[in-house]
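Labels A, B, C and D are assigned to the chains in the order they are written; within every chain, residues are numbered from 1.
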């Protein structure tokens, strides 16, 4: 029954990514990321209940605090400062993007079938969802022009990884997880700093303009 | 004692390098130190080679080792290596002496040290190439040789031609080296050993499935250095671009490195060769010889002319090797021995007369500051000694009797014609045809060097520089005299050379002692019963008798006192009315226009209708291989590279897309079902 | 052949002298016969001798621009011709100096002569010398392969490239009427025309410099220098005819030193040379000189004949 | 105190002190002293290993075996060189009159921090710590790429960071999956992610999951190593980063990422046999060599040229490891060592040229530099000889070792293509360097060009060159022993 809950949350995260692909407002995208992180936290709690691993609660709490609250807030601040609220025309239009993402999901699931069979096999849905999220996140980074969207996509990929960590392995060793989360935050900060500098310099957050270095 | 000779010789060169660096501030001292050291090194390697040739026993040892890679550089001097060491020393020693005098006024003092260093490194590496006992030693020396040569070619790097030709040389050489690396390792993958003794003993390759591939790879790899058409493109560029002393060494000494390799693999090194291989080598040799001499003939730049004739002589040597391989393939080692002996003999002779000619040319260029035949002329009056030596060299390279060129070409003829008796139908006709081509080659060479000598030294000077030239110094003339003496000696006593060569041939894998040819002081004899023989000494009295008669004619006639200007059909003869180098070659260019494909344009200017006031004539022969093969190839590669620029077009999105695509591909490749 | 040096030397000197003495006669003979064909009186048979004598007496005048090369040229040319004669078997089936070498050495010596004369011709600075030299070398370059192929055919069929050995073997085998050898002989004959500077390749009698080859080359020579050149050329021509006769029609060649045998072979040789001279005359009188750039075609024919000969003989 | 921890602490402390603003001389003294101490400690640690013990820390989370020791020493060595050059580099900038104390503080803090992170990579025995360390190197180097704060530096930094983060995300996913493949057998404690334990339970891991993990790990750490097609950040980053940082990225970072790749390779061969990851490495390596080729032919910027050269070299090493077997692995590790010696010479001499001409673009530098800056140009030519693998220099030997192993092995086609690419690369590199250094001096005595003088930076270059040349003929036995030990680790013997 808890397994189903986990899978449900995973599915919810997948949906959130589809929604991200499906619209252009940066604010909504950030909110969606927040929701996605909440679901991730939920997965953590569920697994904690299932496996009786108290440290998973810590992880979950940390995830929700950081990824559902701090980071979205930070990113919204960046937007306000920059004053750009919509993603301009992406390289691939929305309907096509959605179709391609379906394809990517297929790829992810196809691979995840390999997991089920193994003796210590893990629920392949979770891995399937995670892999598709990774691919879709990367796809978002490829097709979207705004630096902020790319950061969000990157964070989505990060969430996918944690989904595997929580949903499929019932948590990595705590020290490692703390270290990783810390690094992730730092990365986001650095990215944010760079975005600020870029915006100051180029009066734009459109990374497709950053193409002076060729050959 | 003989174990220490090669290291000793290399030590001499190393000392040369060190001294050149130390004394770089005093050009004069630097010159003497560097080149006397190199002279010492050459003498030592000559002694080493001579002792091995005399005793017939190989000398081996280790030079240096790279413990980390577990690789070591050893050497083994067998008679074949010894032959090439001696050949190289015979040329390198006099050229070293020449360099001392030549660099004094032909090289900016600042570059003396550089030349001294590169020169000694070059000699070191060449000697190691000939002495290497394994793949790695060989490849190291081979690469060092290439780099040192390129550096020397680029000595005058401010001039675009030098830079260009140095790079062309590097590029072509690396094409070759790549082939060699592949060939050697492919060959070694059979036995697992990298020692020549195991690799090129014949057995390894005989069992290899890659035999033909191996031979082609070797042929390309060594062919580049030997200047075999169509891999020769670098040669006529690089040889003239280098300082004349280096040109002499490159032409007379460095192409031998390629020929050496071809003998190693051709003479049983890959087991008994296929008849096809022999045919191929013979064909390449003939093509190189003919094209080489034809382009030399049409060339009006003295040093380029000599460079093209180098291609020709490499071709002649290859014809000998080809005949040898055909004989070997037909299971007649004695014929094989004859062919290889002929080729090796020609290699030695070429070192002598081409060295002589390049040194002479260097003297001329230094004295007049020009290489263009059209701007030379009349130097026989101003530089009589140089002229005499150059004439002797020309006669030798033209294959005229009593000189060494004739002796080795004679031997090549024998190889071709003897092979005729053994082999099957196809070779019965191909070999004598090769003989005819060789005859054509040497006749054309005669024409070519009549032109080279006459246009440089005879009639009136065609430029101010030529009319004010002065004779070279003794330091430049002595080495030429030495090489001239070598030309005469090697021409008058072929029997002694052949006797040595019999030993060399016998030492090759798949040969062993045979009686295809024998030699003595009297001369050399081919075949049993005597198919043909040559003892120049016997004809010398006849020639002297003729000269005596001619001189005697002077007694009966009134003595020649009067000198008068040559008859100019009423007009005044001047440098302008002389027969030009272009005009001299014109008839043959017309005859062979099918090969030359000259572009000619005649433009008439009519001041009054029907009355031509002026005619301009332009004729140009452009190099076909550069034009139709290498040029397009290079452009294609660069164009392709330019197209690939889009990979790195600066778009982060594209870069991320690569990762995405890779990820999808890999995941799909993993599949899902366990 | 003997190996004792003294007789060899005598033999050589004798043969060389013989060639020197008879060569002008051949010239005279050909001139005379040509005249006869043209229904002219023509110069007397011995005229060439007087010409040589006159030239030898005269003082050579040399160009101001000429160097020592100009002087050396004719002498080397002469010497090489003399040396060449000592390699030929004439009336006795052995060459005086056959110990020196064979066909290849012979060709080499002729090439040496050509090289020397062409080089010297370029020394005067007169355009004619240059033109002559250039053309001479061109013709020579084209003639040499044909010559080689023809000689190879003879040599290979006899199994030796040494003229004495070759003639001995052909002599004991008797004349072969193999078509291959006839073709080879034809090729050699064409080469003979080229080397001797005969119509249709060259015209020894012309006085229009632009059409000359040999004559243009030696235009600047006078007196003894010229005499040497002319004499050597005559010797060369005779040598070629002897060679042709000896290689392909060795009828009556003496294989022993018996006087009557020698007498017979001497007569036979004279007859053969006369026949060849007649052929030369026929060709000269019935053909016009070719344009220079048509000459290569003729040489190509000779080359083709030589190759065909080889092919027919051995393929 | 634990020697291993000291080795890591030294550069960290140096970084901390470097971050404190202060007078120039003492700062530089601390900086150089700290890096020198780091090298000394690294050598000591390696010595401990050679003496037979295995230095550990944090209960085995940090562990030094042969491979770690080798990478540790090489990285510390490059750290010292880079440190010396950094000081010289700042001196020059002051001479040219464009440098601020803030910039100096930044450089003096970031370089040791970067070194510390790389050392941590080299000694981490734990997948998680490895990942954290690599991420740390990325964060430390981002600011080095953005150092000059030009438009282009921002662009390069952004690309570097985004691509790097994607790569790291992949690596993290791989790590998690590897952990997942061992659910139940590895346990949950910290040590569950230790190589030692994973290898101990290799048999019990779920093969397919391991495959999946290996793919993500190779792509992830391959991005940091700059294997094609994840190499795209390299040319930009190398061009923008100051030369001292550039050499840290080109040599130190490359070695460390290769270290990570090797660890993955070792696990993969323990679970799946040598083919799986071997073929992946072979493919990525060949792709890198092939990608580098055209861009060297058409290159327009000196430092980008070096970047493509290092893409080529990482490809060569990957091919070596991918071919597998004693000989090829030895060749690849030898290549790593000699590359570590040779590349600094190239970077420093190129950096000098770039600094004196205030740009690293060929157009800006112009031809015939041999006339203007003979020493730097001569060193660049020497470095070209080394980097293109010409004898008698080290890289020639290592390349020959790899080629030999390749031709002896089953992958003839791959090796043939590889060899052909090497030939073209040689020609291309020489063409570019030739047209830069040779020829008539195109801008003689132009005021914009600073005069060349034998300052600290040049001295460092000379020292590096000397070391590189000597290393070709003589490697200290202890280093050879380390290399052999590393081979044993990789070959699992």
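Just so it is clear, a residue touches a chain if its C-beta (ideal position, glycine included) is under 8 Å from a C-beta of that chain, and two chains touch if they have at least 3 such contacts.
The structure displayed is predicted, hence computed values, not measured ones.
Any chain bridging chain A and chain C, meaning touching each of them, is among B; the list is complete.
Seen from the C-alpha centroid of chain A, the farthest chain centroid is that of C. A count of C-beta contacts for the chain pairs B-C and A-B puts B-C on top. Between chain B and chain C, the centres computed from C-alpha atoms are 36 Å apart.
Centre-to-centre separation between chain A and chain B, using Cα means, comes to 69 Å.
Centroid to centroid, with C-alpha atoms defining each point, chain A and chain D lie 31 Å apart.
One finds 79 Å separating the Cα centroids of chain C and chain D.
Among the residues of chain B, those in touch with two or more other chains are 645, 648, 652, 656, 659, 663, 667, 670, 674.
In chain A, the residues that touch at least two other chains are 111, 114, 117-118, 134, 138, 141, 207, 210-213, 215. Of all residues in chain C, none touches 2 or more other chains. Which chains touch which is summed up as A-B, A-D, B-C, B-D. Every residue of chain B that touches chain A in the complex is listed here, in rising order: 645, 648-653, 656-657, 659-660, 663-664, 667-668, 670-674. By the touch rule above, chain A contacts chain B in their complex via residues 91, 104, 107-114, 117-118, 131, 134-135, 138-139, 141-143, 145, 207-208, 210-215. On chain A, the positions that touch chain D within their shared complex are 53, 111, 114-115, 117-122, 127, 130, 134, 138, 141, 147, 150, 154, 157-158, 160-161, 164-165, 168-173, 175-176, 179-180, 183, 186-187, 190-191, 194, 197-198, 201-202, 207, 210-213, 215. The touching residues of chain D, when paired with chain B in their complex, are 158-159, 162-163, 166-167, 170, 207-208, 211-212, 215, 219, 223, 229-230, 232-233, 235, 291, 293-295, 297-298, 330-331, 334, 337, 368, 370, 385, 390-392, 394, 396-398, 400-401, 403-404, 406-408, 412, 416, 419-420, 422-424, 426-427, 430-431, 434, 438-440, 472-473, 475, 477, 479-480, 483. Considering their complex, residues 378, 380-381, 384, 387, 391, 395, 398-402, 406, 410, 413-414, 417, 420-421, 425, 428-429, 432-433, 435-437, 439-440, 442-444, 446-447, 450, 453-455, 457-460, 523, 530-536, 538-539, 541-547, 549-551, 553-554, 556-568, 573, 575, 577-579, 583-588, 590-591 of chain B touch chain C.
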